[in-house]
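Note sheet for the following structure.
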């Protein structure tokens, strides 16, 4: 469904991603692992158009994505929950969620859609009038995911959703991701440092190192891979 | 009072407008101890660090460092007498290279006599945290994980007695996290007392001598990692169902 | 604390040494060549060109002092012309009304400007965002400007001061308009001194502190950097230089009106010079000053298209050379 | 008492115009982190367009006003597309924007001088009657200023708060990348933000031109005032721009009454410094878009 | 080049004046007036220098109206163009104050144009030796004050104006021009027992006078004197004065002389008393010719600046003509003795301060009144073209 073909990505002069290729199949949950600075976030940003590859192509269902305007990526069904949540801090929870449905075609249906999000996160209904910047870290993460879900994406990309969250919240969020994948059939591309948990819930996984894929395979198999154990699982 | 402790937090309260961020928080830090500080998001952990480091004045209560009241000291003064901290949201000096970043701590923390000796020290410390090959890199080019290590290196460079670590492990892979844990252990061995905020239970529980759980600005529980891990209130408010430690 | 393990630093020592070497490294060579060129040029120039060159030197010093506050410390002062004006008026009035020697006036002007700098530095310290600082300092300059124009008894207001004494001769060296080559060298010496002092300052611990403040105040403070002292220091110091420069200007041009020394266009000129030359570089303001002042002067033939073209050129320069000429020519050098 | 009332009215009327100018400045600061030093020149262009359309072409004020607004908007969009867009994502933006907008300001000012001459131009009052209330007499023209200012500000506020585009604009101002991944084309938003900010300046120019006059330098003073207002009120805050504008207007009016004109700006700026000393982020510091 | 004399490439007159910046229009008009004068002279074959008819060449440098720029421009003219005579500054007092100091250094004659500031004359008076080569081609600002004061006095004497408590208010622009003109008027009024009840100084180009007028309404001055160089201020004041129903006698300095003033202020200006009316071809026969030439050559309406430029150039060239030489000493010798009729009056210098004389028989500074959209001279009686018509608003 989503296919990355040999992309090179730069920040200014510095090359961060080197000839990276991988594919994501419909309904799969993919975990993208890698140490710090490996280029995981950069990969997601490139898919969602915030960065442009200097070389290579990105295809969604055979349609080229890397040349369209970054703001129209979401209309192709790809939603991105960025690293660090990136809410609109001076806007209310509800306004934040509504902006997830900014796209013209779905803007009018936003009121209905938001009800669905409140069902997933009853906590947010309680706080819909609160400014997003004043929420706790966990609540902010819920808004970020909720906002991404507003556009009814086919692919959801999550960048370290567990970062800095209390263990019970992490548990909740991981549960939710699984539910979206299993019950709603949403394709998920998950970037996580918490490799144990990520491998636990995903189907397939790629391991990234300095902008290249060094390893890939079924999540269960990778969990037992000696190298992965040493380098990422800390065992 | 307890002459044994290097740092005393004395019934500190802090309010932001309508929000009571800290309420009568009181504890001691023993010399050469690692104290793990955990609690839900927004519980007030970082705020507590800010009060100890002098960024916020508490509304009431006081901070005693080596039995001296330092509540009125500015942050730079506190650093000079031996209280160093890292920032949860990292604040690197973006347009300076790593050596200069760390030299600031080395020179101004415990006044090195010359810039060059401060630089030398900075390089040693960068090496120590495993960034010896990045000396000339400008800090803006670091990934999150390395930024956290840089925070740690800068704080270390001030040669503190008390080190406040705010989520230095979160965001690292477990393997990298283990490395940092090793570094923290070494720092402890050199005689430094540490308070460590962390959501990665495996790491804090493994390294802490003692733990405090903050919830809604108040201390919810205090004890050894084992006691904390089994405390039902803590499980309810913070840990959830997964097994830890 | 002892970290004896993990310290394999043999290869990195070199880096430390480079910073402190006393030899004639490339940077020093560039300074030397610049100074030499500047010292020789006037020997071949007529009065008119000399006049323009002197103005270029004066603005170079002024821009250099502003760059210290903005480029190196990240304090976005937009009222630097106030200190230039204060310096100019203080020394002019002292020499005219109290017969104080312009040489002494130069120093007093610097000191008074420095005091003013410290005074306005205090509220500036409390501000974080650049626009607040910019407009507060701009407001301060506007107040100084209005005070000078309104205190008519002292300053003659917009009527201006004229007949300001020249620098008195030192032995055979006269500083009147007929001997302006001496004024040129005087300005050049002040420029060289300023460069010397600023480079020392920037390469030293103070520079490290200022840069760290520029990058993140909270982090700098947490690492033991005293924000108040460092910021006040740099503000005061640069105001001092601006004040001295103002006095130099006053005794050279011998006529002052409030709008000619504290007008906002002076501040804009400083800004343009510095940014075109290279913000956060030492030689940038110097090069920028010569380019801008000579450029404006030699564009005279364009008549009323001159300013139109100036506007276009400014925009183009900033679009295609956003970090200034110095970084373009010497991307690696720390000058 | 009458004189106090009269002075309050004077203060509020100019203040409302400062508020309009300042809202525009504040808007682009909020979204693009930009202090537009050419803001005054867009005001100037607004004045000239109105002059040519209303006096030159004899169009009625409403039509001429709308056309002027469109005209300035187009110029603004051109400037944004050619210059601002080119610079905004590059390092050094904080300082470089000042030079760029200063260059644009010099350019526009001198183009106006070159093509339209130094001669100041005057536009007749749009309405000629006088009104009086509470012992205060004033021309309907000046009352119109106030009415238009209130109308425009209310519309502007509602637009930001409730329209789809307004929401997008606020979102972009708070986190550009986040806005992009939610499908907001932030390039377009920047362009329109810049355009709208000049629109507010144009409205001010159109309303003031009959009372003051139109000339190439007319933008300098309002820019300085608007800059003072935005920081007085708190950057990025719409409420701050409005309250700050009115406050500055009143301050000036009463400064003149109590002292004399020459101290008008001294008083205004001293108050500004004092306010910032006490409240370092202005009266309404935090962003309130 | 041939020969040693400077005359080989003609007589070179340098001029500094504003061609850009807010005062550009005046500078441009001055330049045009000068060009016409030079042309006339050259049509006659030029000036006889050392027995040889020599053509005149003019070099005009822009200075944006700024002193430091003025010095640069003058330096350029002396050094690069080698001018024999400098008209500097053609327009502004502050630039003149800077440029005049070059006279002793270059030992070339410098004649300023429209600059009026009394401070210039004072400088010369204090150190005549230093300013041997500098001459001020315009009278001093106190002449305006005198005109204002004496006009009003004569209106009172003739019973046409009856002040209640002899109170006066000033609204002026914060420039040397505004300040110095009003300073002399203020002094004269005060001496005569008048009380200054308001003194409002505003920045150049200021246009919102409602607060000032509101304040003034409460102190009710008998006379309001206003002085601006920016016409926009004048128009705004005149209109707002009307609108706020002020009742003071209104006297304006400078701004009404700009042709656009009456046009833009429309009815609001009718009745205004003002000075200085120098140029009005409809009233003054001798100015018609210039007006026509300006119209023909540049297709603009002539202003006082054109006349001023024409006159100062005439003054310069006449002195050279009389000297028959480019020797600076001879030229300034002739300047000191000069007495010529020109468009604005008769020029001659006060010897003690090298300043052009004002008053009857020299350059007269009359009071005009706008009557039905046209200017009329109402004071002094000797040259009056009409009688004062009481201002409709004065109560």
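Descriptive notes on the structure:
Note that the chains are named A, B, C, D and E in the order they appear, and that numbering of residues resets to 1 at the start of each chain.
Simple rule for what comes next: contacts are C-beta pairs under 8 Å (C-beta built on N, C-alpha and C of every residue); 3 or more make two chains touch, one makes a residue touch a chain.
Just so we're clear, the structure is a prediction, and the values are computed from it rather than from any experiment.
Counted as hops between touching chains, the shortest connection from subunit A to subunit E is 2. Farthest chain from subunit B (centres taken as the mean of C-alpha atoms): E. Ranking all chains by how far their C-alpha centres lie from the centre of subunit C, first place goes to A. Between C-E and B-C, more contacting C-beta pairs join the chains of B-C. Centre-to-centre, using mean CA coordinates, subunit B is 75 Å away from subunit E.
One finds 42 Å separating the Cα centroids of subunit A and subunit D.
Separating the CA-averaged centres of subunit A and subunit B is a span of 30 Å.
Work out the mean CA point of subunit A and of subunit C, and you get 50 Å between them.
Looking at subunit D, residues 110, 113, 262, 265 sit in touch with two or more other chains. Multi-chain contact residues of subunit B (touching two or more other chains) are absent.
Going by the touch rule set out above, the chain pairs that meet are A-B, A-D, B-C, C-D, C-E, D-E. Across the complex, subunit B meets subunit A through its residues 39-42, 88, 141-146, 167, 170-178, 199, 201, 237-242, 244. Taken together, the subunit B residues at the contact with subunit C in this complex read 53, 55, 74-76, 79-80, 84-85, 87, 91-96, 99-101, 103-105, 107-111, 115-116, 118-120, 123-125, 127-128, 132, 135-136, 154-159, 186-187, 190-192. The touching residues of subunit C, counted against subunit B in their complex, run 1-3, 5-9, 12-13, 15-16, 19-20, 203-205, 208-209, 211-212, 214-216, 218-227. Residues 48-50, 69-75, 79-80, 82, 86-91, 95, 98-100, 102-103, 107, 147, 151 of subunit A are the ones that touch subunit D when the two sit in their complex. Residues 70, 76, 123, 126-132, 134-136, 138-140, 142-143, 146-147, 149-150, 264, 268, 271-272, 275-276, 279, 304-305, 307-308, 310-315, 317-319, 322-323 of subunit C are the ones touching subunit D in the complex.
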